[in-house]
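Just so it is clear, A, B, C, D, E and F label the chains in written order, and each chain counts residues from 1 on its own.
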Amino acid sequence: MSNSKFTAGVIPEMMKNYINRLASKGTRVDGRGFDEIRALKITKGYVKRAEGSALVELGKTKVLAGVKVEIGTPFPDTPNMGILTTNAELAPLASPTFEPGPPGEEAIELARVVDRGIREGHAIDLEKLVIEEGEKVWIIFVDIHVLDYDGNLFDAAGYGALAALIDAIVPASRYELGDDYKLPVQHYPVPVTFAKIGNWIVADPNLDEESIASARLTVTTNEEGHINAMQKGLSGTFTYEEVQKVINMSMDIGAKVREIILGDSDGKEN
Amino acid sequence: MSNSKFTAGVIPEMMKNYINRLASKGTRVDGRGFDEIRALKITKGYVKRAEGSALVELGKTKVLAGVKVEIGTPFPDTPNMGILTTNAELAPLASPTFEPGPPGEEAIELARVVDRGIREGHAIDLEKLVIEEGEKVWIIFVDIHVLDYDGNLFDAAGYGALAALIDAIVPASRYELGDDYKLPVQHYPVPVTFAKIGNWIVADPNLDEESIASARLTVTTNEEGHINAMQKGLSGTFTYEEVQKVINMSMDIGAKVREIILGDSDGKEN
Amino acid sequence: MSNSKFTAGVIPEMMKNYINRLASKGTRVDGRGFDEIRALKITKGYVKRAEGSALVELGKTKVLAGVKVEIGTPFPDTPNMGILTTNAELAPLASPTFEPGPPGEEAIELARVVDRGIREGHAIDLEKLVIEEGEKVWIIFVDIHVLDYDGNLFDAAGYGALAALIDAIVPASRYELGDDYKLPVQHYPVPVTFAKIGNWIVADPNLDEESIASARLTVTTNEEGHINAMQKGLSGTFTYEEVQKVINMSMDIGAKVREIILGDSDGKEN
Amino acid sequence: MGIKSDIRLIDDNGLRIDGRLPNQLRPIKMEVGVLERADGSAYIEWGGNKIITAVYGPREAYPKHVQEAEKAIVRARYSMAPFSVDERKRPGPDRRAVELSKVISEALESVIFVEKYPRTSIDVYIEVLQADAGTRVAGITVASLALADAGIPMRDLIVGCAAGKIDGVVVLDLNKEEDNFGEADVPMAILPRTKEIALLQMDGDMSYDELKTAMDMAMEAAQTIYKMQIEALKKKYTEVV
Amino acid sequence: MGIKSDIRLIDDNGLRIDGRLPNQLRPIKMEVGVLERADGSAYIEWGGNKIITAVYGPREAYPKHVQEAEKAIVRARYSMAPFSVDERKRPGPDRRAVELSKVISEALESVIFVEKYPRTSIDVYIEVLQADAGTRVAGITVASLALADAGIPMRDLIVGCAAGKIDGVVVLDLNKEEDNFGEADVPMAILPRTKEIALLQMDGDMSYDELKTAMDMAMEAAQTIYKMQIEALKKKYTEVV
Amino acid sequence: MGIKSDIRLIDDNGLRIDGRLPNQLRPIKMEVGVLERADGSAYIEWGGNKIITAVYGPREAYPKHVQEAEKAIVRARYSMAPFSVDERKRPGPDRRAVELSKVISEALESVIFVEKYPRTSIDVYIEVLQADAGTRVAGITVASLALADAGIPMRDLIVGCAAGKIDGVVVLDLNKEEDNFGEADVPMAILPRTKEIALLQMDGDMSYDELKTAMDMAMEAAQTIYKMQIEALKKKYTEVV
């Protein structure tokens, strides 16, 4: 399907030409370099009722991620593992193009890409979340709530999810299962998304850039420089060389973002 | 949202003027006084397969309420209480403006207002509906089925629900749990609804009156003269004095309606 | 509701006249006699991951039926019986008039008519599918997947369902419940469908014939010549004599089809 | 059909558990014009069944894409109230209700002059308030009256009636226990004047001869029910005049 | 209301569990213009509540059949984030949210000059990020600011405020524990200048006099909240100029 | 990826559990034009996968609001039959199917001259009848044939192929056990003539060099598969002539 929901109306041809002209001079609408992401602010512990939470401001894009931790039954084929489940809601307050109703394909793709990064990057040690093997485990609900959509939700959501998990506690005392303890986060997978505009590739596209991009690529890498997840989007294509270049840039940018996610702390004491 | 579903097409300006003119003379389309409700007939035991039932005819508005009583698990936070659940269906046979499909906001509001009256008025002693604490309790399903819609569903539904509960038995013998017994009804909360038309306030509005009303107020009071629930609707407003007046009238009318609900009995012997 | 989904666009009046003219000469668009069905090919064991399956080609109509066998809880009122459940999907690849989404009334009718034939014909001995009375039984899921729609889905689906059941094993070993064994099929109910076109009645209507038919009648008979299910459809009527004639023809044709279903075997060894 | 049981459905005198003879109908009571808002309406009590129907239309069909250029569409919606059966029925149509709505719609359409009202819908709402087997045929019977009450032009009334088999005997008009524990059920809808068959379903196990007997029985009873329909219509329209 | 418990909600000094007097509001903080994409937006912290609202419109109402020929439709959508409450809330509107969205829509419409924008919708999204009782009245209060921020013409601001009864005492602005274990709650929405009542609900058990006292309390507090609204708007628009 | 297990996926001779070398494809068989009603269709068997595809369009896009003024929309719908997998899959799209449908649609659109058919939809239905890992890439491969069969103008065919990592070794075209117990999977879709990448996903854990090797492997295999596609098309169209 087309990317219509993510296109904030028709960007006039003029805007397209303008962005392309800037790109040919090595710069972008908001003055950034191609491999430069927008200002990133992460406020952990934003929602006290959640077991973990983080408000992410990536430029003007705002995403709130919350973690709830409850008790449930493990899946039959993984009796010795906790459960991770990720959900994303494109709340209609975030954009004139988001509509109320059950998650559409954009929200589902967003949730699944965020989930894949966390899961395949083994961010959480799910084996430490078993209460009684085969019977009772902790379920980790990661909910992504988009508040203001100015482009690149994949990264804002991915940062929010990781930060909220880092912020989260396991509420053992509520169930008389001993003291609360920090959720066992063991890896820090970080996504970085790139857009292809004409022949240029830019990191962290804003809404205007997304609207005229032909292709999109998200690469999630961890603190060891391994790749955990990739997702290409839109109807354009990448060359082999472009993909290699994007992967390399994602590691560099990811390392910087990881510091911000780990360093920042607001609200709750950790 | 607007009250479009409850508006049976456009009432011509003429009708509006006519109703207003009558009001200025202290009377109404069907000749009633402002604080007078339509003829009310309640037939208990109408549906033999239900554990309790009542057909309500309020003027030309017809509502059938049925009670089913089944066994289920209590909510974790109320292990020593039975469960009450109320549902309303605006069956499309009742009005050209009702459409098939899952309950819309009107049906949900109706069910919740009826539920609130019964629940907050403690009509049923839910603590007497426990079979095995924390494990097994009686679930009381109250289903409101609107058959003919000529205005003021809140009251017709509320009367039906209360009458059906009074009519209901707990089918203990079916589950080999001793003899059947009457559902323990301990209070008799009764809603009365008022509409504001121009500067007049009338009780039990019919469909024509509802169609031109600016505001609606339902007050549920019990046999001790206590208030258990209120619900204001539509986009008009009430003054403080109007609200006080409505509350007082609701107690007077409620007392009379309560007698009809308690007195009437048809079909099943109680 | 009308049969619009099953009508592949408007068949021109011309086509109607043509079919009627042929009928008056005792023949049909594809040269068949009135009581002749199209070429029927059944490939059992088509899907290896299913416990049983059959691909049915009835003329150009293609239906794939699959059987999955899982463990579940019996219904409270039949604690000593396994469970049979039948579902049909009119996959949108099968016709320009099928739309994605949950099953519509055509798919539901199709599934229920197929189900009725199997169930009322006691094709499966459900009492042999109990693992632990009242606790654990085998659930037989019959799924009908329509791949190419050129008319008469009832029969193609019915043949596929029966053939897939004959092909099916109960995967006991997977659950450490002993050796796998063949699903206990004890009767062979076979549906045959007729269409009324003008005053003629033809067996196994193709899409063109269905499009102009006024009434439809499906009769399911078993190997003992008993009738197990009937379903009349469309807004035309049958006379009493027509119904008797259809029932008789359905037994004759059913007997031949039964041989094909029982005889054919492909893929899995049985 | 056919939960096995030891219940005897026919006694030594050949009588059924409710005392009826094999070819005897349950008591039937009909009333026309029972609702204020509907264009036409009717109510039936048939044995333990209580069913109310309303007709709206012909009215502009909505949503527009369901309109047909050359005729009215007939949309019957069969629905059971949650409290109409022993175990509470969850609101909203289940698969059975969807199928019944479809075959009832088709049966009703067979008598309506749909070509008179292109682009419209004729909506027939059948609400089962209390169920006791045979709801679909009772529903068709009463829907036919509601259509007449709404002034929809029809070439005949339509009568629903079922026959079946219990304890090996072909009987008319199964009640709930007979339906639960019997061997076959044959619901039919019949145009009483021409004897055309507009609805025909069957489930269970019957020989050809048994089925024939069942159909004969239902077709004969249809004439009786037809007379009651006429009476109910007369009563309404006589009272009015 | 009213899970029974032994929790004392008012201590010997007449103070509530969070130290407030009976007629004392929780701390309230509002900010206008907090979102980039919305036509208007505002944020409120009210006790432990954190609520963000956005307004879109007036814009062409969609789908078309909801359009009204002579006025704008006001569609408020009240929604709780899954992590806003102790037990995770499943995404999507539950029945409570549907009802609240309806009464909030009606309350907001009472102040908007809807007749100026026929065929349009004014969409108000109220997202509860953290919940602590009184979300509907806090939501109305902050929605009113978002409407003002979007430049929607209104005849007044609108203020939400609740009062209730705990341990037999009428109090203002219940918090979560008071809401869970108290005896009654009366959420209201008030037009502060004319003192008209645009939303009024009640549940629990109150005598006539208690209810009157509760309404008086809420109406008085509304004036205080109104001043805070004005301040929040001034702050935004002074900064801008 | 990556349920831990003791299963050895590569033996001492460097062979995989189905006997393949690391860079060896499973057997592939394709057939074009297999359905009567569709505008274009094709069927593939790839290892244990059996997938059938149909293309409808370009046809007027419905519902109207999805139409785009300057191009056709490409709507692929990936769907698994309930009996295609070990544990019965409930009918209807799950979240995985929604995501796959989206990325497959985007990949297919990259080769179609969509600007030729404004306001239309090109609907591609991919039905997995039997699943054995790699369904999305097999689905793209066969969908490409169905598009060609439907006469949709494309600038190239499109080939799906995956590589991955098992037991620490980079391998081509994972089968089900390798997918369940392996360490990484990289599904790709490639335009074989220009070597452009139209679909790229990855999950698991890989170093940069491993990923590069996997991509190289898949891109090389794409040329082989491309030849098979051409053969399948030739076979259909030679037979026809």
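Worth pointing out:
In the analysis below, a contact is a pair of C-beta atoms (placed from the backbone, for glycine too) under 8 Å apart; a residue touches a chain by one contact, two chains touch by 3 or more.
Since the model is a prediction, treat every value here as computed from it, not as a measurement.
Over half of the residue-numbered contact pairs at A-F are shared with one candidate from B-D, A-E or C-D, namely C-D.
Remark: chain C and chain F have CA centroids separated by 32 Å (rounded to whole angstrom). Between the Cα centres of chain B and chain F there is a gap of 57 Å. Centre-to-centre, using mean CA coordinates, chain D is 51 Å away from chain E. Separation between the centroids of chain B and chain E, computed from CA atoms only, is 26 Å.
Of all residues in chain B, none touches two or more other chains. Annotation for chain F: no residues touch 2 or more other chains.
Taken as a contact graph, the chains are arranged in a single closed ring, with each chain touching exactly two others.
Starting at chain A and stepping first to chain E, the touching chains follow one another round the ring as A, E, B, D, C, F.
On the chain B side of its complex with chain D, the touching residues are 8, 46-50, 53, 60, 62, 64, 66-68, 70, 87, 89, 91-96, 100, 102-103, 141, 143, 145, 147-150. Against chain A, in their complex, chain E makes its touches with residues 35-38, 41, 48, 50, 52-54, 56, 59, 77, 79, 81-88, 91-92, 123, 125, 127, 129-132.
Only residues 1-3, 66, 68, 73-75, 95-96, 98-99, 101-103, 105-107, 109-110, 186, 191, 194-208, 211-212, 215, 219 of chain D touch chain C when the two sit together in their complex.
Residue ranges on chain A touching chain F, taken from their complex, read 1-2, 4, 77-78, 105, 108-109, 111-112, 116, 119-122, 217, 225-240, 243-244, 247-248, 251.
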